[in-house]
């Protein structure tokens, strides 16, 4: 590859590259805004450690675990 | 190996396995009792750090080391 | 190699070896004395952290870096 | 335009497979359980995140040239990581309660019924369609009943690496569920009077006994069951560093630096085994069910052995401490204490339950040694 | 006498080459810059001393059987060291400022012009005699503009290991020179009024947001740009350990033990690439010049993007914080703060500049992913 | 019943060899010496326990697939562990006393007679039946006289790995015995008046000198004796981290995390060389006797050099500090101090003895370099 085709390719890379960087980060801006909105709805008053600090293992957790994983396996093995 | 011979083998493994686990730990119970009796005789008053804390290198240690290792080598090379 | 030539060689090794050890460390004595003299001239009053603690990046550092490395590259590529 | 094509082909969405999406969800679920439900977070956070990372398409982070794949190869295939964690466990564990009352070892022995009973269960599952466990696989599943993470990972990495992910997840999940699984079984198998038994205070244990203990255990293991020697050896080595008193630097390194760093690496590496191919199989459901069974059987066997000892000693042993024989240190001992307090709010069983609890660690390692000796090639 | 001959031939002075002497001097210069000028001492002390060690004749410390050569092979060729450092960076970084004001990500995006502009510059240099960069080499040089050491080392070790030494030295040197390189550019491109803009206080960020953040970033990366997933993955994993709150032990290990030990090893190993053959080339001068250019372009692009955002928001954004988009955490944010204080001694921009600053880390990793996907084999 | 057979054949007692029992006893003896007699416990506890583990039959913990065997392969065969420990030693050592009075280097030089004298002794032993040391083996044995563990392990792993176990055990045992071996020799060779010499206070050493010191030593080593460069290089690198003042994180990592973790691994790995085949040989007795001889000769040579310097300086040097030239830091310096105090209870020689003490470390590394250059392939 000679120098000028390299130069052309590097210009092209810049266009694509900055496009992806901007595209990626713009998308991230949007998703982060969404995330914050959802998070504030889920934990509105924000007593920060509250939903996590007190050990609240309901008696159904064990079944939950199996139920969720079973569903995942079922979908995987019979995707349609 | 078909399923029922596997099942038989696993029953057999349980018998042997639990046998060894119990045997091992029963033996350990006995040896630990013996150990405690010996330890309490060796260090009866138990001023815990005493036998270990004060640096008591007798002048014969160097010879001790060689004597003990020599004996081991001798036994190894001429076992009978 | 038989035992006596080994013995001769080990005597020889001792002469050379101790010669190098002494030579090396004697040289080091001299160089360390020189180093101390130079160091005390460079930092005579020895307010120990002074020459190093205050961040003194002159504006020419970047050019310094390139200048010094350029000189090194030049010498390497055209040694004479 | 060729670049655009190349770029599109390098994107995740162009290569994402259905199973990868599901496994990334499983990874997130594990982190969720760890953070919100406090399921063994030290292990399940790295395992879950490792699963997330290793199921990213194209990147190949868990593959032979990826970082986590290389960590798996160096640390788990060799067995080094679980052994280093066992060293740390030894350095963190005080065996005094066991030395003061060696008979509690029998409670730790009984709880290993959880392992061997599950072995039969796993083999029996083969009668169902979709299950076809070999003896090595059944043994690896059974070790979940040991309620001891490093032992389970060590054994599974030797006998059935393809099941390692599911086994590790089941082992740590059920260890976290011990406060839910055990109490009903304990209450069902004991009478009110048995649960109220107050045990007499333990004698103090001398420093010399604590120093001799690792040697006694290791030498017995060397004589009888050398296949358990790597596990027992590192456990007792860590414990000797702890009790020696003159190697504080090394003891601290084993308890902190080494165990923390290795836990991160081990977790990520175990996560790399949570791939759709290996995890999203009917077998995994079997493993999860059998794992629960294993904990129940181990608990029941421990409590029953506790009842036998209670009877044999004329009521000096509270059968509840038998449940602590499954290991799951120190959770199971705390559960025994809590159930005991329900009956008599002044009866603290914690220290008494620590004996069977640490005995369970030794018992599981012994059981692992038996399986390695008889089932391993 | 044969011994004397053997001895003489084993001496350094009998084998010393001209280039080795120069490279030992370069090693000493790097340590000097690190100690006296405080140029990123944590990296440049080991790099400089590594160069000194690896250029000692005969000893072969950097060779395939030498200690540092083996460390290079195990840690840099595999990419593990920069990834572990990135995990530590994640565990040390608070992304709150970015979560509170996601739009600052655009400043981090703009600053990546430094990377792609430098790519064109490197290719353009090929018109001069003595330069013959391939696309892979030009990309590795361009990543200096990311102002992020581990990213630069990770990319260079993959695309152009022969340039790794010069690239790492340039990256860390210019990161240290950020307080000198940036202010003139920032002042030239902004008006007095723009520099005096006072930004409004940021909202507090909830714990849930901080925990979700790593997942959001990683999953987006997995979907769109899996080639960046190793870097982004370890960064977000470290950050999750930090924010989880339940894995303090692991978070501390990532922030201290792992990052400190790996920094020593990584520095020594990078130093081993400072050999005369590879470093004392005209290309190195090109790399140094391009590196300076990269920082200038990144800074300028960030500031210009800041001006655009200032205009778009009706003057709510101080354009100076755009300069922090080049990363060089936390140096560049401090520079933005300092230049802002010159205009208005009560206007503290530090927290506002942290957003683009950490956004720059993500932006550079994304850019590295693009280069890996398009230029890598 | 086949299982029972398989089980019996997997038991330790069915496979235990006579030599393994003896070596397990030797391992216990080493731990006993470490714990009760306080013989260098940081090394002898892991070495002794490693010997115990590696002599367990069947388990193969020290074999090529065993954990400790793999650690040996990765850390000792490569030389990395002793070098990392040397880095830690450098980070822990204050060379001020040596910089203030460089002439004490000559005391460190003289003490290396212990190495070369022992070399002759080892070769002379070949005249006895049962001994047949090659030059490489004799050199490895001789290095015990350097009284420096990592140097001895580094050299032995290169020249005579089959003797490594015995050499490491002898080196650390005699280092622990320094308080017993040295005083009689010191008293026999000095007059009452010499032992009472009060030395003048040392000048303070500037920070610049302490920073330049590692470079001076390393560059001299690079010019003259590159075969010693790995050892001297890591020692001076560690010392630079210590004195730099701007890399506290790295200095702490070298002084704590790295040295502690590596000490555990190195000890276990050295222990794996304590096998019956390699240790229970007549040669081992020779090594133990020669090791004692080496320490005696080194001490004597150091004291005699001290007398010469005392005479040359008109009585300004107390010859007792010459004994500290054997290294065994800081034990030998404390011994010199103690013997001095016996004569004059107000004459504290400790700081004065630190100069020759650390000089001995450099001297031994130089001597190791000579042996590697002339005897190594």
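As written, the chains take the letters A, B, C, D, E and F, and residue 1 is the first residue of each chain.
The rule we apply is simple: contacts are C-beta pairs under 8 Å (C-beta built on N, C-alpha and C of every residue); 3 or more make two chains touch, one makes a residue touch a chain.
Source: prediction; values computed, not measured.
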Required minimum of steps from chain A to chain C, each step between chains that touch: 2
Far-end chain from chain E, centres as C-alpha averages: B
C-F or A-D - the one linked by more C-beta pairs in contact: C-F
Duplicate of the B-D contact set - from C-E, C-F or A-D, the pair where over half of the pairs recur: C-F
Chain separated most widely from chain D, comparing mean CA positions: C
Computed distance of Cα centres, chain B from chain A, in Å: 54
Distance from the mean Cα position of chain E to that of chain A, given in whole angstrom: 26
Per-residue overlap in chain C, given as positions that touch at least 2 other chains: 13, 16, 20, 51-52
Per-residue multi-chain contacts in chain F, two or more chains: 3, 7, 35, 38, 221, 224-225, 245-246, 257, 370, 374
Contact graph of the chains (line, ring, star, complete, other): other
Chains grouped in pairs wherever the two touch, ordered by label: A-D, A-E, B-D, B-F, C-E, C-F, D-E, D-F, E-F
Residues of chain F that touch chain C when the two form their complex: 98-99, 102-103, 105-106, 108-109, 112-113, 115-117, 119-120, 122-124, 126-127, 135, 138-139, 204, 206-209, 212-213, 216-217, 220-221, 224-225, 245-246, 359, 362-363, 366-367, 370-371, 374-375
List of chain D residues in touch with chain A within their complex: 3-4, 7, 18-19, 22, 25-26, 29, 33, 35-38, 173-174, 177, 179-181, 276, 280-282, 284-285, 288-289, 292
Chain C residues within the chain F interface of the complex: 1, 3, 6-7, 9-11, 13-14, 16-18, 20-29, 31-33, 35-36, 39-40, 42-43, 46, 48-49, 51-52
Touching residues on chain D, where the partner in the complex is chain E: 3, 6-7, 10-13, 15-16, 24, 28, 31, 34-35, 38, 41-42, 45-46, 49, 52-53, 56-59, 61, 66-67, 70-71, 256-257, 260-261, 263-264, 268
Chain C - residues contacting chain E, complex: 12-13, 16, 20, 51-52, 55-57, 59, 61-62, 65-66, 68-70, 72-73, 75-77, 79
